[in-house]
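Here subunit A shows up in two complexes: once beside subunit B, once beside subunit C.
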Partner chain A sequence: MSLVNFTTREITCKIVYYGPGRSGKTTNLHYIYGRVPDSRRGRMVSLATQTDRTLFFDFLPIDLGQISGFATRFQLYTVPGQVYYNATRRLVLQGADGVVFVADSQARQLDENLESLQNLQSNLLEHGVDIRTVPLVLQYNKQDLPRELILSASDLDDALNFRGVPSFSADALHGKGVFETLKGISELVLKRLAAGTTA
Partner chain B sequence: MTTRAVENWTLEPLVKFVKEASARLVLVMTSAGQVLAQHGFSRAVDVMSAAALGAAIVASTDEIARQMGQPPFAALNHQGERHGIFLAAVATGRGRLVALVVYDLEVSSLGLVQLFFEQLAADLQAASPKDSVPKQVLAADFERELSASLNTLFGR
Partner chain C sequence: MTSALNPKYSFDTFVVGAANRLAVTAGRTVAESPGAAYNPLFVYSGPGLGKTHLLMAIGHAAKKAAPALNIEYLTLDEYVEAFHASVAAGQGDAFRRRFQNVDVLLVDDVQFLTNRKEMQSELLRLTEALQAAGRQIVLTSDRPPAEIADLDERLISRLSGGLVVDIATPEYETRVAILRRKAEERGARFDPGVLETVAQAELGNVRELMGALNRLVAFQAVHDTSINAETVKRILGLDAQRAKGAAEKAGPVPAAAAGGDEFGQFLADVTVTVGKAVEAWRARVGEAVLRWEGEGYRTHRLEALLQQDAPTAVDEAIAGFAEDVERLKALEAEVGELDPQAAGDSVFRDPERLQEAEQAATKVRDGAAPPPGPSAAFPLAAYAVGPSNQVAVSAARAVLERPGKKYNPLVLVGKSGLGKTHLLNAVGLELARGRRAVVACLSTQAFIDELIGAIDGNRVDWWRARYRRATALLLDDIHLLTGKERTQEELFNLFNLLQDKDRQLVFTAPAHPNTLVGIEERIVSRLEGGLVAEIKEPDRDVRRAVLERLLAQQGVTPEPALIDYLADRPADSVRGLVGLIQRVIEAGAAQDGRPVSAGLAREVLEGQAPRDSRRSSGFRTSGLVVSSLGGVKSREKMVWDWIDVADRMIEEFR
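Entry: the complex of A and B
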């Protein structure tokens, strides 16, 4: 849940990057970390295995600056995508103000995307949150791969975007779509705050 | 050393605890890792990393306890060469909070921290608001400022 301090006029929001293994969640955070000036970000914390697969989460705090007179900070988290780590994935979702679902655009990964989306729904429910109400955007990553290997954004919308939420084509490795995705989820999360409701 | 509270009701119990337990760093946070009060940290963003990690440790052990069919562990302690880390949860009117305490073994001890933590828990319980009503936060036209902030952040 967003933390709002009316005395010091500060807002802190938690955004979780969710999705199947190797879809590019950590890559999104690495790109953001590389682009944001030192003074506007904290240390990136990665709890990973020896082979650099996310074990628990990656964490990156960024300082958005003043919005409507509030110093606004976002805490970006990733979850481990591998099916095996569902217990830790569920823990990271706790208190999320918004979710970015990073889908792997490769055609052969469609089942993994669907499974991960269902897993998101069930893990949110465990926290008493209905997926239809949480601020959510979809990112179709790896759109830079050869056409014959991937599904188009339109095909992925048909398969995954049952809520009709904002969706973004991306090549997170090179930064394409990363900024637009962050902007998309930021708007949804802050819109909810502006409406005077919290997750 | 600076002591700072995001929610003011946490400040007095925290200041008292820091003095009595001679703690070096203290965080009081929600179970999701949102910081409510802190002592001893210099940069806000570093506080967030510590809070994320502390909340994750407590969440992991809570889950292990749940799978064992027992109530959550009351407290966790890790002792290093020079410093110790103490983590414990407190039930308050604001929900379940987590306290992370780092203490210097030359000036404090686990016993001292545990002793005064009980008082901190009682003080936080007594001081916590019983409910919170969501208030309007941002102006309706915040998108323009958000867009400008993100453009600056990404050097666009």
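Entry: the complex of A and C
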């Protein structure tokens, strides 16, 4: 997929929210969906189980309108976090222009976070993409939970962010840090244009 | 095809009075902030009150305020034509894109939307698109939207939704101001009270006012005396007309709703990032692609650049492409004048095929026929001048000095046989001497016949193009247009087009244009806008000159007494004079080569010649005589001796 099309003057960004199950990826999308004016957003597609777990994926298209003469569209996807949906995850990841890794800040979820991060790396490799070249940001979600249950942002940085990518503390349920994260990944994705890569 | 803005028509040259103040104020507002105030602005008025002037003035002012604006002025007719041409070329979408990128769209004469359903919906769509994009539209018509026949309801409400203003007939003070300004522009001086008298005449529109002023300028130039208020009334026929009242509606301007807090912030940030991220050269190439594609050109060459990571000499490539497109445009315009259908060819839209386009243009150039030109039988040198036609001749000379600039159009009026056709052709011949001059000079009947032939042969475009590239149009006997509606419409458009380009128009008519019945008012008003010069019955000077020329042509050395005798005879037309001389010369020939003299002439013309002598010579057989003069070929044409009435009566009683 071409990210920037100069002839049709279009910019299309595919951003995938990745992370372990129940870390809050769909919540991120729901919050964004609620803040985007009706005219700018498409229908949010959500395929969920009866217990509201993402079964396949969520998809939210956002139309940012004309920016510098380019019709700019963002497509936000989430992957199912549960381990056994790996094939779906790999599929959704295909052609992603940027990845938001949503980590669960709860201390007891640290292993799931690490596992999911490794899964992301291997799935990208399946598509022939080195994780070091993909625009990636980390979001430490659920920072609103009691101190004793969670790890602090700096602890999580130490544990997960060994590549030194931008990281954001968040409380997706109440919207804290959601747009900051989206903005962070957008900047990374769009800056790649400067290198002239039309991935 | 769009017209350029005529630099003469700006707000500076627009005389503002009570009748047009609202329209001018609205126009200025629109020019200062296109799309923000009254959109669309709809101006209507009778002919000759300055709609086109106002429209072009808005264009100029908007351009001056913001030079980057894309401003397009065109008449509805041109819009229709452009649409048809682009549809024919399979470029309908490019046509739409082109107009959607216009910041200020000025459309003249929209009353011609009547009975054009598909253009109405096209215009409706365009109006909606431009309004939605905050672009300005200004339209003019000779009547308000609701009164344009057969207009789509939706279009009516759309056009009335902005501001509808009219321009009324200027009142006395404005008329004086206009006359003063125009007299000054022409460098003409008048005695005090003269212009005021003209203004009192209450002429229906500004164009007629200009016509009156032209007549005064011409009169002063010919007689070399200044006119006083008394003579003005004599020179001008006084007539009065009144125009309609004013009406206006104002529409609300919707404000754009602001987005949500966080999202708006996010959007702003992304905008900044995108602006930084899109590389400058890609943006330039992208813009070029978008621009040329929008104009309907193939942009493969530029698109190929975008596929490369870091192409060299990007700007040179863009400039080269633009150069090629300019060349294509020039070729297309040239071909379009000669043969509009050929101009729709796709080779004129593909810079990669420039070579082919050049070849196609050469082919069309070779095959194009110019419009009919003036007849060489009527040189200006042979035109006899006297007080009776001096105004017309000096007007013609003024036209020849500054074609298209001084009196445009020039209308020669006078009865049959006074030399209008001669003068018309003579002007045509002189104009045709110019470099690259294409003079169309023909009778109105031939003009009508050609149009009918073109309609019949389905090549009206080609026919139009032929006349549109004429540098001068001269039509004989314009009164033959009576009742020919289609020809009148074509002539109207042709007239406007040529006049805009300062190309000379000359017409002849048997009487003043406003007395001709069956000719549309808009044409009459345009005819009156130039100079109407009358040719009267030939005076003695003219008669003498004509006689001398005719006799010399016959190889007769005229004796002064003969000339005096013939010139003193009353003649109501030059053609009558020709008949007179032919009779005398015939008689001389019939009497065994008797020399042409005053005596012979008196005998022939006053009937003193003994009837018997002629009878015995055997000429009485039919009463018809063949003339040995070149002009008359048919036996039936020349009757110089009517049959004895008594004989005839017996014949009928038998």
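Structural remarks
Operating definition for what follows: the second predicted complex is superposed on the first by the 194 of 199 C-alpha atoms of A that agree within 3 Å, B and C clash if a C-alpha of one lies under 4 Å from a C-alpha of the other, contacts with A are read in each partner's own complex, and residues count from 1 in each chain.
By definition in this document, contacts are C-beta pairs under 8 Å (C-beta built on N, C-alpha and C of every residue); 3 or more make two chains touch, one makes a residue touch a chain.
Note that the coordinates shown come from a computational prediction; the quantities given were computed from them, not determined experimentally.
If you put the two complexes together on subunit A, you find that subunit B and subunit C bump into each other.
Applying the stated contact rule after C-alpha superposition, one finds that A:F179 touches each of subunit B and subunit C. In the superposed model, A:R43 lies in contact with subunit B only, and not with subunit C.
Of the two partners subunit B and subunit C, it is B that touches the larger number of subunit A residues.
In the superposition on chain A, A:T88 makes contact with subunit B only, not with subunit C.
When the shared chain is aligned, subunit B comes close enough to touch A:Y77, but subunit C does not. Shared interface residues of subunit A (contacting subunit B in one complex, subunit C in the other): 4, 6-7, 11, 35-37, 40, 64-65, 67-68, 70, 72, 179, 182-183, 186-187, 190-191, 193-194, 196. Interface residues of subunit A facing subunit B in the complex, by the touch rule stated above, are 1-8, 10-12, 14, 35-37, 40-43, 45, 47, 56-57, 59, 61-68, 70, 72-73, 75, 77, 87-88, 91-92, 94-96, 179, 182-183, 186-187, 190-191, 193-194, 196-198. Taken in their complex, subunit B has these residues touching subunit A: 6-8, 30-36, 43-46, 48-49, 52-53, 56, 59-60, 63, 134-140, 142-143, 145-147, 149-150, 152-156. Taken together, the subunit A residues at the contact with subunit C in this complex read 4, 6-7, 9, 11, 35-37, 40, 64-65, 67-70, 72, 175, 179, 182-183, 186-187, 190-194, 196.
Those residues of subunit C that touch subunit A in the complex are listed here as 257, 259-263, 265-267, 269-271, 273-279, 282-283, 285-287, 289-290, 293, 299, 303, 306, 309-310.
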